[in-house]
Amino acid sequence: MDSATLDQLNELLDSDVTLREKIKDEVAELDKKTRIMAGTLNKIHSTPPDLILNLLDVVRPTITSCRDNMVNLAAIIPPNQFWRWKDMWSNSLRASIFSAALVEYLSNRTLITLPQVCEILGIDDSWKDRLTLPVEDYLHGIISLVNELSRLAINSVTMGNFEEPLKISVFVKDIFAGFSMLNLKNDLLRRRFDSLKYDIKKIEEVVYDVSLRKLAPTSTSTTS
Amino acid sequence: MDSATLDQLNELLDSDVTLREKIKDEVAELDKKTRIMAGTLNKIHSTPPDLILNLLDVVRPTITSCRDNMVNLAAIIPPNQFWRWKDMWSNSLRASIFSAALVEYLSNRTLITLPQVCEILGIDDSWKDRLTLPVEDYLHGIISLVNELSRLAINSVTMGNFEEPLKISVFVKDIFAGFSMLNLKNDLLRRRFDSLKYDIKKIEEVVYDVSLRKLAPTSTSTTS
Amino acid sequence: MDSATLDQLNELLDSDVTLREKIKDEVAELDKKTRIMAGTLNKIHSTPPDLILNLLDVVRPTITSCRDNMVNLAAIIPPNQFWRWKDMWSNSLRASIFSAALVEYLSNRTLITLPQVCEILGIDDSWKDRLTLPVEDYLHGIISLVNELSRLAINSVTMGNFEEPLKISVFVKDIFAGFSMLNLKNDLLRRRFDSLKYDIKKIEEVVYDVSLRKLAPTSTSTTS
Amino acid sequence: MDSATLDQLNELLDSDVTLREKIKDEVAELDKKTRIMAGTLNKIHSTPPDLILNLLDVVRPTITSCRDNMVNLAAIIPPNQFWRWKDMWSNSLRASIFSAALVEYLSNRTLITLPQVCEILGIDDSWKDRLTLPVEDYLHGIISLVNELSRLAINSVTMGNFEEPLKISVFVKDIFAGFSMLNLKNDLLRRRFDSLKYDIKKIEEVVYDVSLRKLAPTSTSTTS
Amino acid sequence: MDSATLDQLNELLDSDVTLREKIKDEVAELDKKTRIMAGTLNKIHSTPPDLILNLLDVVRPTITSCRDNMVNLAAIIPPNQFWRWKDMWSNSLRASIFSAALVEYLSNRTLITLPQVCEILGIDDSWKDRLTLPVEDYLHGIISLVNELSRLAINSVTMGNFEEPLKISVFVKDIFAGFSMLNLKNDLLRRRFDSLKYDIKKIEEVVYDVSLRKLAPTSTSTTS
Amino acid sequence: MDSATLDQLNELLDSDVTLREKIKDEVAELDKKTRIMAGTLNKIHSTPPDLILNLLDVVRPTITSCRDNMVNLAAIIPPNQFWRWKDMWSNSLRASIFSAALVEYLSNRTLITLPQVCEILGIDDSWKDRLTLPVEDYLHGIISLVNELSRLAINSVTMGNFEEPLKISVFVKDIFAGFSMLNLKNDLLRRRFDSLKYDIKKIEEVVYDVSLRKLAPTSTSTTS
Amino acid sequence: MISQQITQAFQVFRMELDDHNERRERLIKASRDITNLSKKVIFLLHRLVMEESTGGKDTDPEDVIRHAGAKGRQKLTEVQNLYSGLKRELEGDRFWRYERQVSPGLQEYIEALSLSHFMEHGTLITYDQVQQTLSDSSGAPHFLLPVYDYLLGLSDLTGELMRFAISGIGRRGGRAKANTICRFVRSCKADFDRFTPYIRDLAKKQAVTVQSLEKIEDAVYAVAVRTSEYDVPPELMDDIVALSVSN
Amino acid sequence: MISQQITQAFQVFRMELDDHNERRERLIKASRDITNLSKKVIFLLHRLVMEESTGGKDTDPEDVIRHAGAKGRQKLTEVQNLYSGLKRELEGDRFWRYERQVSPGLQEYIEALSLSHFMEHGTLITYDQVQQTLSDSSGAPHFLLPVYDYLLGLSDLTGELMRFAISGIGRRGGRAKANTICRFVRSCKADFDRFTPYIRDLAKKQAVTVQSLEKIEDAVYAVAVRTSEYDVPPELMDDIVALSVSN
């Protein structure tokens, strides 16, 4: 083996370490943002309905600022190596998706779509070989949304808002029906989907409590 | 080793791989059906009593169509190899049993028996060495039925049907008494049986609520 | 190795062994006290509100007596070796912090501060390189406090005290918000913080039950 | 559930324990025989060539007596449950196959075939659903044979028998070529086959030593 | 979720399963070829020098035919997903590299280069994001080559070819020196490199035996 | 529990703790001796045959001094509780047995018997229910002896002593035959016995090397 | 010859090892039987309470439980007979030799016995009382009961009490009983905490006890919430509900 | 307001935790750099001996090894500079706080240093000598070297010595060197055995040392067998072989 070959081989064997460090730093940045968003969004459980929109306005700029991290990540990942590194950021990405989905639901009462998430987080289609948003991560974000809404159903009633659980119930049942049609493998996603059943049940119990005591105006509206 | 021997050995070693693939495909089919049935039956929680029978009529053909998968499975499993492969389909089988049991309960208010399940799913007694329905799987299906009925008790009240919880209560207590007579080992079945207590408790609470608020008819109408 | 070197190394290693034994004995003493305090404080779950203060008075002297163990420990640890040995007593220390924090909360409805804990346990600032109270241990003690309060919320209601859960809810939400500000690594503290979410949820459900049934006078006071 | 059903279910849940005990006892018997055979066959490493046949005559009756255990096992295993219980005896069975294969090789210098093993151990074709001899077990027995022959090659030279390694080399290379054609999965069998390479190498080194020193008459006879 | 979205999500989730199956089938094909090549090349240990070239001619077409599998794999792997799937074929690829390297050495007494391997196996530079030949796999193939040559050194002497070990010795020492220049991590490659020392030692021993018994030609004929 | 019961239980548990401490101290003493013996005996691998006896004389007093520890242990163990505490010293005891067995073998070329070990270590028959020497521990000591002898076979040859391996081979084969008679369960002893096979193989290879090269006078004496 | 000596020595070893292994096997089987019998008694106790509680308004629920406990205690004489039969296998230093094989069955027996005892007397069975059931008619113990097994067996009791409390909560008198059990388990937990530093496995079992305790507390809480809302005395509540669902 | 107080307190905690985490990260990275540099020195040492040994008959193999050792020692000043730069991060009680992060690099450094030292001087580097390399020019230590890390680092040395002995065995003078190393490793093993009760991980590393020792013994044995058969002095053997394979 001549020394040029050897140098080249050595270089190939060495390069990964530095890259891993860079990705780690960028993901740490992103992670900090998701923690801030989660902290703010946690306040929905003690905020009266009319002030919720203000709260969402506080979160939006942080969501949008995640684009910077996405751009940076896309710039460091070498072409074609998305699958090699993706596990390093998928947790943070899922947390961002969750925040975006919760803001979307509370603003418009609709389910955020995968392309919408890409747009909000600025994930460019042309980065495909370096940074993309896998379906799995989107679905994880949505499951986290449902987890949070089951808590919100409870706390809304405490705050005297008896209609919120009914709205959440309709929304969540739809998502549940959707997930039921998916062909999930026996992995983490499947296990988390199984846990959704407990959220649904909890929400149904809240609706039951409210209906039984005739606290909400139109309980019949829950039939879909 | 001569090549005839080698070929024969290779054939024996290879055949398992092909068989596993075939079973997997068939189970995937069956699985798809159980997902469809679960999706449809999930609607009982938002369907008024008078439309339930229609809903069941929608599910019945799918249940019956599971026979095809059973026939196919029985045809691929080599004689005497039931115990070798059974773990591959037991989850799907339990899901089918659950659907059959729920349909039976909502149609006739009776507990489906093990022979009835065999008949509905077309599991033939003569397949004994290839495909049979083990007691454990039957019991798992029944526990899933009780889990679902505790949810139904809640949602019936939400929809203004105050008699359903009373019927369910009687039915479910009987099943619970039955399970109590079994000498279960410390396995999954035992753990799931333990969890039944919470379903019973939940149903009882609904019965209290309904009774104390005098929403249900007098006792005479519910004796079974 | 020549025998002088061997002797030198042996001596160094021997002195560590002796030190470890001494620390162990002292920690065993401290541990006994934390178990006694935990045993007494466990009674809050079955003690009516008006007798709670008496109970706390029983615990206080034991907390204060922990100072002796702290003084002894500080005397044995060599300079600069705090971090080398601290794992030996951190569990016991956390248990003491928990007791002090619970007594403080039930007496004054306030969160004990880190300097207050140091004062109560007699941990002197001048011991810094031998015995100090790290933030981590303080935070662990606070998480244990929240775990206990979620149980107390439940049991207070059982004893007919419907206001306690509301107070606990307000207090615990503040703590949770505090924790949300921290950048926790993927360690035990992070996992225990994740478990806090379940406590919060449980407390929220109790507040929900009480509010829904209008059992407490001023449920609206919980919005912050 | 009526009590007849319950009794039947309980019986089904209970029956396996007794069966397991019975199989265990029978396998313990078989195991004792394989240990005796291994003990005797171990003497080939210190027995001069002309006394080897006597040694084999000592082992043969014990091999044949394994038939009794096979008959007993076949009698206890319920129809169709071969795959459920086979793991309990496969180690002992492999040890028996090894003994039969070693006796065959030393008697006739040929590789025992799978049907021959079945005949010697009295495994009846009609027991198919209860007791059969899987290819895997046969191959395990053959690998053990090669392991033993590599030891014999060494010890033969020590005893001054320089031709034995040459014979073993030819025989073992043939088996190795055969195994190379098999489609083994990444399991225990595959790992043991990988270990065969070391045995082959060892035997080749013995042949090398003998050839280099011109100790054997016809070293050219090893080309196949 | 509308059904178009669901279909799209399901498609995305399903496509991986199908892809994995396809890759598996293709790798099984490739694997079969590597087994055939290994089987044929195994004969070098019993083939006289003048017939070796014929043997290599038998193997060459099979090596070349591996291109088909490479082309097929490159066609199925979606753009940018090399890193996602590569573990599925790296064992088979290493086996192919080994065969190519052995043929090259026995034909030309030179070390095959990484680009040469790519050319022989038809791995196209333009497939970079789907199928490429990583350095690690190349190095694994070379280590397997040395393992095989140490066996060949032994067996050549048995067949009366005393020059072969000397040639192998020179060649292998050069490779060893090359590997010494690499900064290997503590992984499988490092462990396999460590094991090379034993191959070198074995070859050296053969060289001693041959030299001391004066069986080899004079030194001038072997200088490289 | 009333406080009398609590005190009674506490007392029982406390006395065990004290006992455990005492045994620990005594075993630490014994352990120190076994380490000193092992350290000295380790020198057999670099000591010429004529100086070996001097080395053994150095070890003997330490072995004999183990009697003190045995006497002390026998004095602390309560009647009938031998099996309760024996795990605390069995490792040290096995190490002592190993030393005694190695000294015996190198002095007299015989296998030390179990009663001989008891005598040397001063284990009195009348202590039976408090301190005895179980067969298992004796067998463990003997396996350690064989492990050591396989290393000695190698190192003797390095020191130019070609007869030692032949003696060791005869001795070790006898021991192996003895072990083959035992019905070992699937425990540590069984696994260590399996490892004996590697020692035997290694020794056989040394004997092979010596015999092949005619380095020892009477290699034919190894046939038994 | 050396070889002959070794063979003879190993023949003795073989006998000793075989003897030990066979006794070990016998004790494993016996322990398994004891475990199964004890488990069945536990099932039986739950079942008896459930079946006999359906007897209607005239039976006192406390009587039903007491009666079930007594029946369980009687049934456990079968286990006691097994232990009496094992006396020889466990005498002298043998008990500790086979402690690992005997212990699981022993703890399961103590779990069943303490549950029967609680049902019959409402108290925790004492160490001496357990030892007495493992002694012959003259009071000589078959073997000395280790404190460890006593405490570990008792600490499994709390799991069964949780099942007992929760499945009984819908029955007449079940709410009051659940309250009693809640207090009882709370004091068990406190008492056992003292022993955790001595017994390693106990800490794990205490964690399970805490879980059981919280489940009971949750159940008792749910009853309290409901009773508060409707402001009806518990016993009356039972009757109203019984009227709705009479079976 | 309470809430405000809590927020302020937690802000302080955040700063402290962030400070700690960042220092921890820095030390992990530094430790990784030290590990990599040390590993590279070990590679270099093996490589230098191999390359320079091909110099022909005129170079004394002992010189080659000594020279390589000295070069390795020089190269390790890079690591020593890194440690000097970490002085502030590890002062006072910080060393023990971050011991778990620092320890792996430290042990790898000691492994490399002790290998250089052995090659240069043929002896085991002492504790004081290692501490000296981790001190400033006035002799003040950057931090107190724990005995544990010293011994654990040394115990990895035996693995490298095994590689050194075995890959050198075919070179001129390699057989004699292998014998020396065999004796040296044997005495290391005996010395370290004394410390196993004090240092838990040492027992595992001693098991590896025994494996390495046996590998060296096997190699030395193979040479002895061969030499005995041909009855040729080792050095002459080298020359005969060199004649056959001259490269």
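Order of writing sets the labels: A, B, C, D, E, F, G and H. Residues in every chain begin at 1.
Keep in mind that, in the parts below, a contact is a pair of C-beta atoms (placed from the backbone, for glycine too) under 8 Å apart; a residue touches a chain by one contact, two chains touch by 3 or more.
Chains and their UniProt names: A, B, C, D, E, F = Translin.
What you see is a predicted model, and the numbers here were worked out from it, not measured in a lab.
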| item | value |
| --- | --- |
| Winner on C-beta contact pairs when C-H is weighed against C-G | C-H |
| Duplicate of the A-C contact set - from D-F, B-D or A-E, the pair where over half of the pairs recur | D-F |
| Rounded Å distance between chain B and chain D, as computed from the means of their C-alpha atoms | 45 |
| Euclidean distance of C-alpha centroids - chain B vs chain C, Å | 48 |
| Where chain C and chain F are represented by their mean Cα positions, the distance between them in whole Å | 50 |
| Contacts with two or more other chains, residues of chain H listed in rising order | 194 |
| Chain E, residues touching no fewer than two other chains | 177, 181, 183, 209 |
| Residues of chain F that touch chain G when the two form their complex | 1, 5-6, 8-10, 12-13, 16-17, 80-84, 110-111, 113-114, 128-129, 135, 139, 171, 174-175, 177-179, 181-185, 224 |
| Of chain C, residues touching chain G in the complex | 28, 31, 35, 38-39, 42, 45-46, 151, 154-155, 157-158, 160, 162, 206, 209-210, 213, 215 |
| Chain E-touching residues of chain D, taken from the complex the two chains share | 173, 176-177, 180-181, 183, 201, 204-205, 207-208, 211-212, 219-220, 222-224 |
| Residues on chain H engaged by chain E in the complex (per definition of touch) | 39-40, 43, 46-47, 50-51, 163, 166-167, 169-170, 219, 222, 226, 230, 232, 237, 240-241, 243-247 |
| Chain F-facing residues of chain H, complex | 183, 186, 189-190, 193-194, 197, 214, 217-218, 220-221, 224-225, 228-229 |
